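Two complexes follow with chain A in common, the first pairing it with chain B and the second with chain C.
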Partner chain A sequence: MSSVGIKSYAYCLNHVPEIGLRYGSTPFTEREEKGESEFLASLPSHVQSWEKAASYAPNLTYIGALSYDEFEAAKTPWIENYLPEPKRYGKYGEIMPEDEFLGLMTLCDVFDLVWLEKSFGESVKAKLLKDPIMTEAIVARLKGLHELAEIEAEVKDKKARALYFGGKVVGCVRSGHSVDDCLFAYVLMENLACKAGGVLALLHLIKNAGIKPEDIDFVIECSEEGAGDMNQRAGGNFAKAVAEIAGCLNASGVDVRGFCAGPVNAIIAGASQVAAGARKNCVVLAGGAIPKLYMNSRDHAKKNLPALEDCLGNFAVLLVPDDGTNPVIRLDALGKHSVGAGASPQAITSALTYEPLALIGLSFKDVDKFAAELQIPEITLPAGAGDVPLANAKMIAALAVMKKSIEKADMDAFIKARGTIGFAHTQGHIPSGVPFIGIACDSIRAGHMKRAMIIGKGSLFLARLTNLADGGSFIIEASSGGSSGGSVTKEDVKALILEALSEIAGKLA
Partner chain B sequence: MGKLAGKKLLLLGERDGVPGPAMETCLKNCGGEILFSVSECFV
Partner chain C sequence: MDLQNQQRIKDAAEKFGTNCIVILGSSDAEGAEIYAETVSNGDPTYAGPLAGVSLGLPVYHIFDQTIRDECDASAWEEQISMMEMVLDPEKLAAAVKGMRDQFSKDVL
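What follows is the complex of A and B.
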């Protein structure tokens, strides 16, 4: 059996309502097509403050400030039951306020693209230095401070995109080219925000793992953004750019893409390289997606609800060789939605759950938690998209009945016990199973959980290349004692026989 | 399926529900004409 250890993990949110109000794809498109419409006029009144976002039970669960058990017990609806005090930090990461995130974007820029107004930039610098994961060397990268008049001229005359805080212009992202739309200010802003989110997650991961940046050997980035120019649109490479800012001098990296199935596939790719000995270790990470901010806000505004899609999500996971001390990913039981599998919910669910379990002689009841698509239901339900994690749990339960693993009467109990409640933002790749890795590993270490399955699904059809969707899955469980401590291979038997024979030969001599 | 015979069909699917291609497969012999089929993603 091939297995790879999960040493550590980090999960952060960047609360960025003002970026979302202007550059989330829904408000941005509305403004481009209709100008300042009624919807756009009403949207700011539905925005929640950082204090609210940092008191919202799903957000606190994402950063590890609330345990999953506490989250399950939290009173619903969460939007009417905010926790008494906002919390910036949790055991996995933090919820960073927007002014500091603009500073983080600026220090992640190495092409003089992000300009901040002087006094705003200085105040943000001072705040960033108080973040326990920041170093003076990283914050010293924050340059590009300008007079407001220069910023306004750049926006007015040179197609820069303005950055706001407190409703006022405090900076801009400049255009990188006059003709190449891959390098226009909007795209560069999206990419720099994604890079900055990846950096934040990586810095928290380094702290959580108790390692030095130089210890990291390889980084795989798996967001849904595309960095490149008109000759190599989305050529990459976010991974190495993120590693550079975090000071990972010995790392290289590459990007893996697959829509929302990107993270699961990236983790499988990273784990395979570590298991093969090709990499000493591998960080899989991603920042968030500006266009998905306030994606469903039209429905939230219409129903007079808080517009909750105000956070960029990001994560990082450190994969290491299985030395018996960490929870592991099993590489002999990977779920794969193949081209020929079919598009029906039954076929997809079977390919991602039943088939990998059958490969290693396990049944549905051998998995304590199925984590598939963890979107916060209070975001998706008002938009008519349903409770996605619950829908997935129902499909898994129905398949378990068909495969005679459970009785039909036990479906509800199965869903309640083994399904997962959504606590991740609708950031595409972010909610696709991976937010549960930290919770699963902590529960396995504590002996409260035996096994979890992480499931990601990707909407490939959105790229107009194929009508197919995709999906992948893997199992996390306790280590059986190291990468050679699992089932015995033919090579293990040969080595044992040779050892025994040489012992006998030694005694006879 | 008889009631769909001669009808024109617009199929709006969803990734985590029933995708467009799955509906196409189910309805291909219903006697109706599939004019449009799509899967959407809201997450």
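What follows is the complex of A and C.
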């Protein structure tokens, strides 16, 4: 059996409502097409403060400030039951306020693209230095401070996009080219925000893992953004750019894409390289997506609800050889939604859950938690998209009935026990299973969980290249002693016996 | 219903008239009702190519018994039976029927 250890993980949010109000795709498109419409005029009244965002149960669960058990027990609706005190930090990461995030974007810029107003820049520099994961060397990268008049002129005359804080212009992202739309200010802002989010997650990961930046061998980035110019649109490479800022001098990196299935595929790619001995270790990470901010805000505003899509999501996971001390990803039981598998929910669910389990002689009841598409239901329900993680749990339960793993009467109990409640922002690649890796690993380490399945699904058809969707899955469980030494494990023997028995059965039939 | 799908259906209706039917697979009754209205009476949101265009197409949910009777039993078992346990088939079929009864021509 081939397996790879999950040593550590980090999860962060960047609370950026003012970027979202202007550059989230829904408000941005509305403004471009209709100017300052009624919807845009009403939207700011639905925005929640950082204090609210940092007291919201799903957000706190994402950064590890609330345990999953506490989250399950938290009173709903969460939008009416904010926790008494905002929390910036959790055991996995933090919820960074917008002014500091603008500073982080600026220090991640190495092409003089982000300009901040002088006094604003100085104030965020001082704040960033107080963040426990920041070093003086990193914060010293924050340059590009300018007079407000220069920034305003750049926006007015040179197609820069303004950055706001407290409703006022405090900076801008400059355009990188006059004709090449891959380098227009909007795209560069999106990419720099994604890079900055990746850096934040990586810095927290380095702290959480207790390692030095130089210890990291390879980075795979799996967001949904595209960095490049018109000759190589989306050529990359976020991974190496992120590693550079975090001081990972011995690392290289590459980007893996697959819409919302990107993270699961990237983790499988990274884990395979580590298992093969090609990399000493591998960080899989992603920053967030500006366009998805306030994506469903039209429905939230219409229904007079808080517009909750105000955070960029980021994560980072450190994969290491299985030495028996960490929870592991099993590489002999990967879920794959193949081209010929079919597009029905039944075919997809079977390919991603039943088939990988059957490969290693397990059934649905051998998995304690299935984590697929973990969008916060309070965001998706008012937009008519349903409770996505619950829908996934129902489909898995129904398939378990069809495969005779459980009785139909036990479906509800199965869904409650083995489904997962959504706590991730609608950031595409972010909710797709990976936010549960940290919780699963902690529970396995504590002996509270035996096995979890992480499931990613991607809407490939959005790119107009194919009508197909995609998906991938993997299983996390306790290490059976380590695969790096090449010794035969109990599981290996079990698999061999199962194989031999099925061969005999085949001959008898 | 997104604008591209509205255009596809409009093009098909122009080519085949009410000789073609629309089969919906929506998992949500409210959504199914809006899609059914869009292809029979026109886009109620007035956002897409079917705004103000009443195609009158016969529209059914896949869970409607009429459609189910037409399906190959083994294909149904393989492709759809799982979702029957997950969704509310009767509610979905009824939501589409409500629109079909009002606006569709040449129903089956």
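Convention: the second predicted complex is superposed on the first by the 483 of 509 C-alpha atoms of A that agree within 3 Å, B and C clash if a C-alpha of one lies under 4 Å from a C-alpha of the other, contacts with A are read in each partner's own complex, and residues count from 1 in each chain.
Everything below uses one rule, namely that contacts are C-beta pairs under 8 Å (C-beta built on N, C-alpha and C of every residue); 3 or more make two chains touch, one makes a residue touch a chain.
All values reported here derive from a predicted model rather than from experimental measurement.
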Examine A:Leu359 and indicate which partner it touches, taking first as chain B and second as chain C; both and neither are also allowed. neither
Notebook entry, point to check: Is A:Met411 touching the first partner chain B, the second partner chain C, both, or neither of them?
Noted result: second
Between chain B and chain C, more residues of chain A are touched by B
*asked:* Applying the document's definition of touch, where does A:Ala269 land relative to chain B and chain C: first, second, both, or neither?
replied: neither
- Mind working out whether A:Gly342 is in touch with chain B, chain C, both or neither, as first, second, both or neither? both
Check: Is A:Met402 in contact with chain B, with chain C, with both, or with neither (first, second, both, neither)?
Finding: second
*asked:* On the A-aligned overlay, A:Ala153 touches which partner chain: chain B = first, chain C = second, or both, or neither?
replied: neither
Item to complete: Could you look at A:Ala383 and tell me whether it touches chain B, chain C, both or neither (first, second, both, neither)?
Response: first
Review point. Between chain B (first) and chain C (second), which, if any, makes contact with A:Ala391: first, second, both or neither?
Key: both
- After superposition on the shared chain, which partner residues are touched by A:Ile211: those of chain B (first), chain C (second), both, or neither? neither
The intersection of the chain A residues contacting chain B with those contacting chain C is 342, 344-345, 384, 386, 391
Within their complex, chain C touches chain A through residues 27-28, 30-31, 78-83, 85-86
In the complex, chain B touches chain A at residues 14-22, 25, 38-39, 41-43
Per the touch rule, the chain A residues reaching chain B in their complex are 260, 295-296, 342-345, 373, 375, 380, 383-386, 388, 391-392, 426, 428, 431, 457, 459, 461-462, 467-469
Per the touch rule above, chain A residues touching chain C in the complex are 342, 344-347, 349, 384, 386, 391, 394-395, 397-399, 401-402, 408, 411
